[in-house]
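Following this line, the structures themselves.
Shared chain: chain A. Partners: chain B in the first complex, chain C in the second.
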Partner chain A sequence: MFTLNRAFGEQRLGYQDIIDSDLPYVSVLIPMHNEEKVAENVLNALLNTDYPKDRIEIIPIDDNSTDRTREILEDYSSKYPHLIKPLYRGSYLPRGKPSALNDALKVAEGEIIIVFDADYIPPKGIIRDLAVSFLDPEVGVVPLNISKNLLTRLFDLERIGGYQVDQQARYNLKLIPQFGGTVGGFRKELILKLGGFNPKILAEDTELTIKAYINGVKVCYTNRAECYEEAPETWEVRAKQIRRWSRGHNQVMFRYLLPLIKSPYLSLREKVDGVFLLCVYLISPLFLIGLVDSIVLFFLGEMQILGSSFFIFLSAYNTFGNFAPFYKIGLGALLDGATYRIFLLPLLLFNFFFNMWYSSLGFFDSVLDLITRRDPVWHKTERFRNGGDVNCCS
Partner chain B sequence: MNTQIGVRIFIPIIMGIALIPIPSSFLTKFLIVFLTLSYSIIFGSIRYAFFMHTLLNFSYIFSAPLYFIFGPFIDFSYVVGTYSFYVGIIAKKLQKTEEVWKWIY
Partner chain C sequence: MLLITLIFLLFLLFPFLPSIKEYLNPRDILPLPIDFNYSRNPRYFSESFKRKLHETIKIEDVLKALDGTGILDFHGEDIKIYHIDSIPSEMELNKIIYMLGDLKTGENVTIKGNVFSQGKVVLENNSEIGEKGKIKSAIGKKGIHIKGKVKVYGYMMTEGEGKVN
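On to the complex of A and B.
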């Protein structure tokens, strides 16, 4: 449905296509923990922004780094004291992105808060593209498209499908586009009213999206704004990332599924989409159970269920459901201007099994979190930055 | 056998739905579906013979890996493979005429 909407439906304009004046004061927050490989690039890229320098402050948050991150921030802070205002968090404070963001919110002076992960390289016009969306008083959160990365092609294809098709189609259909967390903006007043970021939730982005919708706030998706993102270079790092995403997303699902259904601010279609969005990481353990079940049935000689009407259902599901991600990614890549990279699409089949396994582990982690009420520990994604350096003030 | 029949029935539907949004002529899309279906019939027949040969001459213990690794999984691969190959070619052509995609951004 999303793919067809993206191909044939009327596309909703982003606000940057309508209005671009009276720019708000913006605070850019960049949580950092041992980011010496990428810190200079993100700061240089932000210094190159075309946003008026008197309407912006950049707050890199050094979350108890043990490498050269602090040194780099001090250097930039001394060169640009009115623009770059680092926040240093010591080892006595709780670690993690939500805690870091909460502390930064206390010192941020901007009415609009924009968050970048340290591995992102924001292009010149991105702050403006994000900020103008907030000129509509109903818009509280703006996520954006992150369709390009430097290194991993397969990861890139997955991201293209998610942002170029899913998010834009959700925005077109007035459903629930999700705040990506890694790049996006929100009103400071809104996030403070909602109680800040919950440090016990690993998917603070999903939580913010759902909390905002439950409280009647709009999320505006900006597809035109694109940003380079570093992709994990090893399967081990990717596995940890998927497991953490799944765990965090399911934490949000357990916590907000009922409040979302009961929310008086959401239409029926938003509630249905919200339930699908919250339960998306449930699919992996269900597939895994289905796979194990079919192997058991095979050895028990019960596979004749495929000969019954169940087979018709299964085939129909495969047509509209199972194949859908591949076609979604295919169309997304086409829209994104990718060419020969699309040939890699069948390889995503192997990614599917990889993702299924680690998403399932993440789901079981979240179930254990729920039962034991333990607090999850943040594990930062390892950086690999090779090339793609950004020079300042070009 | 049921699985094979199912695959052949659903290939035109699966490919048809997938190719609807792709900007190319109906004839080309029909040709792609036809080629995929033809491949499925030829490949499926050879695979069936190979399965029979393996099971009859060696052991039935091979039935599980044959079904789960070389069964519908492989059918899935070549359907997605054909689709990706075709879309990749179309994308390359479209690069020269990007202006027709007025709502890309």
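On to the complex of A and C.
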């Protein structure tokens, strides 16, 4: 449905093309923990912004780094004291992105808060695009280092399908486009009203999206605001990332599924989409259990579906349901003007099993979190860039 | 049995051949291009429309069309030439409107094309310019005056005074 909508449906337009005055004061927050490899790139790119310099402040948040991050921030702060205002968090404070953002919100003066992960490289016009949207915009992204190996190239394909098709279609259909967390913005007033970011939730972006909708606030997706992000270059790092995403997402699912269904502010279609969105990482363990169950039943001779109408239903679902991500990625690649990389699409089959396994582990982590009431520990995704300038912002 | 197994494996491998080829001999590995110096101009569409009109339509051609000795063409689409300074109430037009002087609409007028006036544009109550899902411009070089409930699906631009009441 999303693929068809993106291909043939009416696309919702943002306000970026028609508003050029009354730009709001914007605070750009960049949480950083040991980001010496990427800190200069993101700061250089932000200094290049076309947003009026008297309407913006940049707050890099050094979250108790042990590398050269603090030194880099001090250097930039001394060069641009009115623009770059770092926030240094000591070791006595709880670490993690949500806590860092909460502290930065206390000092941020902007009416609009824009958050970039440190590995993102924002283009010149992106602050204006996000600020003008003024709600809770999402950003289309493309990985930076896709040429490195098979993993980064497959990651690139997943991102193309996710942003170019899935998120834009959700926005077109007035469903629930998700705040990605890595690049996006929100009203400061809104996040303060919602009680800030919860440090006990690993997917603070998903939580913000769902809390906003439950409280009657919409998310606006901005497909044309795009920038590079760094993709994990080793399977081990990617596995940890997926497991963390799944664990955080499921934490949000356990906490907000019922409030979302009961919320008086959501339309029926938003509720249905919200339930699907919240349960997306639940599919992996269900599928895994189903797979194991099917194999066991098959060898026990209990699989009596061949020849029945159920088999036809299953085949139809398999064709149009399970392959939906492949359709999305195919269309996304077409819309993005990608060429031969689409030939890698069949290899995503193996990625699917990899993702399924680590998403399932993340789900079981979240179940344990729920049962034992333990607090999750924040693990930062390892960076692979070697520092220095990147072509975009040198 | 061995032959069947080999044929089965061959068919299983077949969908992956393009992938393996692209993996071993990558032809599309660079990040998708992003113009990092791109800075959005919110007036792009209206400026572009105005520029195209100026480039395409010369005043002498307009004058020829007005005296009946010529016809204007704008990228294959006829441009309507009006000898009047107002569009009557309830009228629906599906063309681009180009006015040498002022343009005044009556009430309940619908214009589905772009509107460009060298003078002022006055839009009366319940007028509509453009249609849902299509970006159109309403440009009154010397001013735009909106009276009552007016819908414009797109952009309004003036170098003069913009007035709403």
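In the analysis below, the second predicted complex is superposed on the first by the 365 of 394 C-alpha atoms of A that agree within 3 Å, B and C clash if a C-alpha of one lies under 4 Å from a C-alpha of the other, contacts with A are read in each partner's own complex, and residues count from 1 in each chain.
The rule is short, and it goes like this: contacts are C-beta pairs under 8 Å (C-beta built on N, C-alpha and C of every residue); 3 or more make two chains touch, one makes a residue touch a chain.
Source: prediction; values computed, not measured.
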Exercise for review: Scan A:90 for contacts with chain B and chain C and give back first, second, both or neither.
Suggested key: neither
Check your understanding: Which holds for A:81: it touches chain B only (first), chain C only (second), both, or neither?
Key -> neither
Practice item. Have a look at where A:50 lands relative to chain B and chain C in the superposition and call it first, second, both or neither. Key: second
Review point. Looking at the overlay, does A:195 come into contact with chain B only (first), chain C only (second), both, or neither?
Key: neither
Check your understanding: Which partner does A:128 reach: the first (chain B), the second (chain C), both, or neither?
Key -> second
Check your understanding: Between chain B (first) and chain C (second), which does A:340 come into contact with in this model arrangement: first, second, both, or neither?
Key -> both
Review point. Is A:264 contacted by the first partner chain B, the second partner chain C, both or neither?
Key: neither
Practice item. Give one of first, second, both or neither to describe whether A:326 is in contact with chain B, with chain C, with both, or with none. Key: first
Review point. So, does A:299 touch the first partner chain B, the second partner chain C, both, or neither?
Key: first
Point to revise | chain B and chain C footprints on chain A, overlapping residues | key: 337-341, 343-346
Check your understanding: Of all residues in chain A, which touch chain B in the complex?
Key -> 3-4, 6-8, 11, 223-224, 295, 298-299, 306-307, 311, 315, 318-320, 322-323, 326-327, 330-331, 333-335, 337-346, 348-349
Review point. What does chain B use to touch chain A in their complex?
Key: 2-3, 6, 9-10, 13-14, 17-18, 20-22, 63-64, 67-68, 73, 76-77, 79-81, 83-85, 87-88, 90-92, 94-95, 98, 101, 103-105
Revision key, fill the gap. As the complex stands, chain C meets chain A at residues 15-16, 18-19, 21-23, 26-32, 34-45, 133, 135, 154-155
Practice item. Sort out for me which residues of chain A touch chain C in the complex. Key: 10, 13, 16-20, 45, 48, 50, 121, 123-125, 128-129, 142-147, 150, 153, 156, 226-228, 336-341, 343-347, 392-393
